[in-house]
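Per-chain numbering from 1; labels A, B, C, D and E assigned in written order.
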Amino acid sequence: MSSEASGIATASPLLTVKNLAKRFGAFQALQSVSFNVRPGEVLGLVGPNGSGKTTCINLITGLYKPDGGAIQYQGRSIGGLPSHRLAHMGINRSFQIPKPFKSLTVRENIEVAVAYGGRGSDTAEIKRLLEFLELDLLTDRLASELTSGQQKMLDLARALATKPALLCVDELGAGLNPNELTHVAQRLRELARSGMALLVVEHLMDFVDQVTDRLIVLSVGKDIFSGPLSQAVQDAQVVEVFLGAPDEH
Amino acid sequence: MLEYSIVAGLLFGLYFSLVGLGLNLVFGVMRIVNLAHGDFVMLGALAAVGCYSAYAISPIAAAVLSLFAFAIVGFPLYYLLVPRLLRSSDPEMLSIILFFGLSQVIESLTTIVVGPSERSIPGRALGGGPVHLLGQTFPSAWVISAVASGIAVMLLFLYLYHTRAGRLTRAVMVDRNEALATGIDVDRISALAFGIGLGLAAVAGCFAPFMLGSVTPAIGVNLTIQSFTVIIVGSLGSPLGTVLGGLIYGVSLMLMQTYFSSWAGLLPYLLLIAILLVRPSGLLGRKVRYV
Amino acid sequence: ATAPSEIKLGTLYASSGPFAAISMPVYQGLKLWVNQENAQGGVMVKPFNKRIPIKLISYDDQSNTATAATLYNQLVTQDKVDLLVADSGSVLTALAVPIAREHKILLFDQTGTGGTFFTKDNPYIVLLSDPVSTIWPKYVADFLTHEGPKLGIKRVALLYATNDFTGTQANAVRGFIKASGAPIELVYDKGVPTNTTNYTVLINNIQAAKPDAVIQMGYPGNDIAFLRNLHDSGTHFNWLFAIYPGLETEHLEKTVGADGLKYVYTYTPSSAVEYHAESGMSLPQFREAWNKAYPDGKVAFGFNSVAGYTSGLIIQNALAVTESMDQLALRKAVFSLSGKLKTLDGTFALDENGAQVGEITPLGQLVPDGKGSVKFTVVYPSDVATGKAIYPAPSK
Amino acid sequence: MSKALRHSLQVLIPLVGAAALLPYVYHNQLLLFNFIVFLTLAQGVNIIYGFTGYLPFGYVGFFGAGAYGFAIAVMHLHAPPLVAMVAGASASVLFGLVLTPMLRLSGPYFAIANLAAALAISEIVSNPALESITKGPYGVSLSGIFQPAFSYAVAIVVMAFSMGCVLYLRHSRFGLALQAIKDDPISAAMAGINVVRARIVAWLLSALIAGLIGANFAWFVSVFYPDNVFSPDFSIFAIVFALFGGVATATGPILGVVLLYGLYNVIGISTPQYFQLIYGLLIMALVLFLPNGLTSLLRRWGIHVI
Amino acid sequence: MSTDLLTASGLDAGYGGVQALWGAGLSVRAKETVVLMGPNGAGKTTLIKTIMGLVQSWKGEISFEGRNIVHDRTDKRVRAGIAYMSEIGCFPGLSVEDNLRIGGQFLPAAEFKRHIDDLYDRFPTLAQKRRALGGSLSGGQRKILGVAKALAGKPRLLVMDEPSAGLSPLFVREVIHVLGQFRDSGLALLIAEQNIRFLDLADRVYTLEGGRIGFEGTVQALHADAALERAYFGLKKT
C-alpha cells in the first residue's frame, strides 16, 4: 500500500475542501473542515455520530449550498453547483440510507444513470458493473424488492455507471458481515487502482483499515486529525471522542 | 371600520379554527386528506336544524350530542375505509379521490333526504340580540360560536397533551410504522382520532346556520377548502396552529371584504398558495409542530 | 299527417350541486304542469286537432356543465325530442344555446336570463318565465329616482353578488339611476363573491357610508345571510331592497324569520299583485296543487316553482295555436302570444330577439300582518300600488 | 424504436379511427366530443401524475386558461380559430410557468395548492372588474366562429397529440428519467438528471395539452361561463379516469375514460335520480378495490400493457 | 423445551409473491441472549418482523411462554412481553420522556414511575435530555433512547434489528455494555447483528442463509466450525 501512497502523494489534488462550514437554522453542523483528495487515493472520513461526515458529502455533491469555505474540484470552485452538473463533471456518491429508484428494475436503475450521467459508459459497461458488484442475478428485480444491503450495492453501481473521478461512499459497511466487508473493500481498492479518488465514510474500523490510505477525523464539525489509521489510534483526542479505549482486536 | 373588521375577523377566525380542527387531526394522524370534511360540517348543521325544528333542542345541546354521535359514526367508517386505503401504494393521494367519492355520496344522500334548498335555525335560538365587545357591536351568535370554538380547541389540546390516548395519538402522528412496532394499536387510536375529527366537524356545523346564514347540501366543498386554508396556514398537526391559521384567515378575509370586496373570494386561495410556497410546513412550522 | 302518440318534451334538472336550489323548484313546477295535462288526456295540439299526451324525458345534470351539454345533445340527437326545455339559470342554459342552434331546434329557455343568449342571428331561443335580467330592477330604480328625492333619499348603497344574474341587475340599477338625472348619489357600490356567507362586516361598512337606501342583490343564500346578519347585529337601514324576500317569501321566512323581513322592499311576486290568470291555475290554486303533489316540502315553493309551471303554460298555449310542429312555426306561435297571454306570473311579452320583457315585477314592501308574519304592500308603480311605502322603516 | 412505433400505431389507429367514424353512426356528437376531451385530459394527468407523481387537483385551471385564452383572442384580436387555439395553449402554458414554484411542494400539499391556483384563476377571470377583457361573470359568446364539425376534427388531432406524448414517455429515456425522479429526486440528480428542468418540461407539457383541448372546447361550444370551463369536475373526472385505467401506461387512461365515462353516461341517462350517489360509490370502490388501476389487474392476469 | 420463552418454527413468509423465509425457526430461552447472523438479504429482518407480526407469516408457528401468538397483532405481542427495537428506534417528534411513557404504556402508573426513574439512573444521558425531542438527539443517543424505550415496558424478551448499524465504535461499546447489564438482570435478548462484537454477549448463535436456518449452536461451536468461520469472518481471521 505504501508504494501506491507515495505515487499518489505527488499527484495534484482532485478535490480540495477548505474551511467548509454549514449551518441548519441555529445549529452549526460544520464549523470548519479542510482536506484534499488525490486521484487514486482512498481518503477515510470518520468521526463520532453527528460530527458532520454526511453533511460534508452532501455539500460536495451539491445537495446543500455551503455557508462558508470553499470546495474546489479539478481546480475550479464547485460550491453550490446543482448535483446533476457535478455528476456530469465526475463527482458521484452512494447514500447512507440507500436511495434507489424503487419502481424501476435494477437494470433500469443503472440505465438511467448511464443515459443521463453516462460520461461514455455503455451497455457492456452495465453488464460488467452488475457482475462487479454481484448484482447480476438480480438484474430484473424491482429495486424495492432488494434488501437494504443490496440496495446499497445498487446505489454504488448507479454511481459507478456515471464513471466518476471522485466517488463518495457513505457507510457502505453497516449491516455487512466481515466476509462481505472484505469483498467490498477489495472492490473499492480496485477502483482506486484504476485512478478513481474515493472519499469513504465509515464506522467499522476493520473496514477502514482495509480500505483507506489516510484518515480525516471529524468532531463536532471540525477536522481534528489527518493521517493514517495507525497514527490515529495513538492520538489521544481521536481515542477520546471516537474510538474509545484501545481495541483488543 | 378598521377596528370593526379586525375584531370581527378575530371572532370569525376563531370559528373557522373550529371548522378546520377536525380536518387537521385526521390529516395529522392518518396522513389522509378528508375531502369530505366540509360535508360532515354540513351534516352537523342539518342535524342541528333537525334537532331544533323537530324537538326544539338548542344548538348548543345539539353540538354536544352530535360530537358524540358523529364520533361514534366515525369508528365504523374508519374501519370500512382507511385500513384498506393505507394498504395501497400511494395512500395520501388516493385518499383525496376516495374522500371525494365519499363527499359525493354524502351530498347526494343528503339531497335525497332533505332536498336541495337552504335550511337554517332562527337567530334567537342562540341567545338574544347584539353583544358589545371591545367597543363594537356583534351578533351574539358570533360570540357564542367563538367561545364554543375556544372550548373545543382547549379540550382537544388537553386530550392530546394530557391523556394517555392523546400521547399515543401523537405517537401515531409522528410515525405510524414506529408506533406499530412499539406495540400501539394503531388502528384503534386512528379510529378514535377519526371519530373525534368528525365529531368536531359536526360541532362546527351546529353553529354554521348562525355563522353562514344557511346551509345547503352542496356547501361542503367550500367549507373543505376554507378548512384547508386554515390548517395549512397554521401548520398541520397542531391545534394551536389551527387557531392561528383561523385568526389570520378571519382577519384577512374581513379586511379584504372591507377594502377589496369583490376580490375577497380570491383570498383563501392566495393565502394558501403564498403560505405553502413560503413556508410549506405552515406558520408554526416544524419546531413547534409537536410541542 | 297522422297524429303522434305522444309529444316528447326533453329537459334537464340539477338535483344536486350549486344550482340544485334554483333548478329543482322550476323542474317540479314544470312536471306538475305535465302531470296535470296528461291527467286530462294530454295537451291540445292544433295541427292534429286533438289532445296528445306529453312524454317528459328528463336527465339530471348534477349542476355539472359538461354533463349538461352532453345530456342536451342526448335529448336532441338520441331521444329526438319535439320540445327542448332548458334547465334553469343562465349557466346551465348557456350550454343549450349553441346546441339548439346547431340542431335547429327551438330552445324553450325557462329562467336563463343572460343577456348574451338573445341575438338577432339566432332564432332558436325564446325566454319564457323570467324577464331578461337587464330589466328586472326597473321599478326599483324608478322608485328611487322618482319618489326617493321626495322622501329625502339621496344617498344609495349598492351591494351585489358578482354573478351573471345579480351582477347584470346591479349594472342595470346603476344605469337607470345615472340616466334619470335624479339627485341620487351612489355612496357605496361593491360586488362580493357569490359564495359570500358573512355580511356583518360589509353591513358595518355600508352603515359607515350613511346611505338613505340600500340595495342588496344576491342569490337566496346571500339574501338569507345578509338579512340574518343585519338583524342579529342590530343595524338598521331606513330603506332596504333584497331580491328573494319577494321571490321566495315563505322560504325566507323559514330561514331568516319574519322579524328580519319586516319593511324590506323586494320584487312583488304574482301572489301580491292579482294577475288575473287567463290561462292555467291562479296562484292559490297552484299552491294547493303543489302542496298536494309535493307534500314533503323538500323543494321550496315560490317564484321558481311558479316559473316552471308558467313555462308549461306558455308551451301549452303555443301548441294550441301553432301551424305545425316545425320548430320555426313553434317560435312563431310563441311570438304570437306575446303581449296577450296572462298567466299567474303576469303578462307574457317578448322582444324581437326572444327575450322576455313582460313579467316585470312591481316593487313591494313586506309589512307586518299583525299575526307575527309579513304581507305584501305593492308600493310602485302607482297604477298597481296597494299602499304607500313606509319610509323610514321603523326600527324596533 | 420500432417497438415504440408498433405500439404507437396499435394505440393510435383504432382510437383516431373510432373518433373520426363514430359521428356517422352515433349522432350525439357532443358526447363524442366530451369523450375526446376526457381522453385528452386523462392523458395530460397521466403525464404529470403518472410519470412525476404530482397530483394536479386543479388541472382544470389549464383547461379554463386555454378556453379563455382562445375566447380573448377571438373577441379582441378577431383571430381565426386555429390561431386562437395557439393563443389558448400559450395562455395555459404561461399559467403553468407561473405555477412552477409549486413543484417544490410535495404530496397532498401540491395537490391542494394546485386546486387553490385553479380556483384563484377562475375567480380572477370571473371578476366583474375585468369585464372589458374576460366578460367577467357574464359569460362569453363566440357565436361567430361556431363550427362544430371542424372543431371536432381538430380535437381528434389534439387527442392524438396527447397520446403521442404519453407513448413517447413510455418508450423514451426521458420517460424513464421522470419515473426515476418520481421515485427519488436526489438520486435522480446524482444520476445526472436535471431534475428541475425535467419536471418543468413534464408540467408544461401537461399544461399545453389541457390548454389545447380547453381552447378546442371553447371553440366547439362557443357560448360559456367561467363556471363552465373552470368546473372542478374536469379535474376530478380526468384524475379518476386516469387512475381507474392505470397511470404511467398509454392504454390505461384510455380504458379508464372509455369504461368509466361510458358508464357515467349510461347511469346518467338511465337512472338520473341516483346518479351522483352511484358515481360517488363507484369512485370509492375503485380506490378501495383497484387502487393501482385496471392495468394492474390486466398485468396480474399476465396481459402486457402498453 | 419447557424453558423456552419464544419458539418459532417452520416459518414461511415473504413480500407480495416473493418468498423470503423457508421454514425458518428459532428459540430463545428465558434469560438467554441469542444472536442471529447471516449474509446480506438472508432474511434476518424478515424473520424478526415475522416474529413481531409486522410481516405476516404464511405458514408456521410462533409461541411465547407456551402460548401460540401467530395470529396476534403486533400490539398484543408487545403487551405479552416482547419488545422490539426497530431501525428507527424512537419517535423523533416526541420528547424523550414521552418516548419512554409510550414504551411503558401498558404498565400501571405507580410501577411505571419507579421503573422510569431506574431507567434514567442507568442512562444518565437521557436523564439530562428528558424534555428534548427524540429527533434532536444524535444517532447514538437515539439508539440508546430506542433501547430505553423498548425496556420501559419491562419486557421479558427484547428483539433488536442491527442495533449497532451506523454507530461509532464508542457508542457500540456503550450499547453492548448496557445490554450486558440487562441480560445479567434476567432479560432475554434476540439480536440480529453483523458486528462480531455482539458475539461476546451471545449464549447461542443462529445463522440464516437464503431464508433458511443454517447453523445453530453456541459461540464456541461456531468458532470451532472452520467452514462457517470462513464464511462469516472470511479472510479477516487468516
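Rule of thumb we're sticking to: a contact is a pair of C-beta atoms (placed from the backbone, for glycine too) under 8 Å apart; a residue touches a chain by one contact, two chains touch by 3 or more.
Owing to the predicted nature of the structure, the values given are computational and were not obtained by experimental measurement.
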{"item": "Chains in simultaneous contact with subunit B and subunit E", "value": "none"}
{"item": "Smallest number of contact steps required from subunit C to reach subunit E", "value": "2"}
{"item": "Euclidean distance of C-alpha centroids - subunit A vs subunit B, Å", "value": "49"}
{"item": "Averaged-CA centre spacing for the pair subunit E and subunit A, given as whole angstrom", "value": "30"}
{"item": "Chain centre separation in whole Å, for subunit D relative to subunit A (CA means)", "value": "44"}
{"item": "Subunit A-subunit C separation of Cα centroids, rounded to whole Å", "value": "76"}
{"item": "Numbers and ranges of subunit B residues touching at least 2 other chains", "value": "107-108, 111, 262, 265"}
{"item": "Contacts with 2+ other chains: residues of subunit C", "value": "15-16, 162, 191, 193"}
{"item": "Touching chain combinations (by label order)", "value": "A-D, A-E, B-C, B-D, B-E, C-D"}
{"item": "Interfacial residue positions of subunit D with respect to subunit A in the complex", "value": "173, 176-177, 179-180, 182-184, 186-196"}
{"item": "Interfacial residue positions of subunit B with respect to subunit C in the complex", "value": "1, 4-5, 8-9, 12, 107-108, 111, 114-120, 122-124, 129-130, 137-142, 210-214, 216-218, 222, 254, 257-258, 261-262, 264-265"}
{"item": "Interface residues, subunit B side, partner subunit D - complex", "value": "27, 33, 81, 84-85, 88-90, 92-98, 100-109, 111-112, 221, 225, 228-229, 232, 262-263, 265-266, 268-270, 272-273, 276-277, 280"}
{"item": "Parts of subunit E lying in touch with subunit B, wherever the complex brings them together", "value": "52, 54, 73-75, 77-79, 83-84, 86, 88, 90-94, 98, 101-103, 105-106, 133, 149, 153"}
{"item": "Of all residues in subunit E, those that touch subunit A in their complex", "value": "15, 18, 37-41, 45, 138-141, 162, 165-173, 194-196, 230-236"}
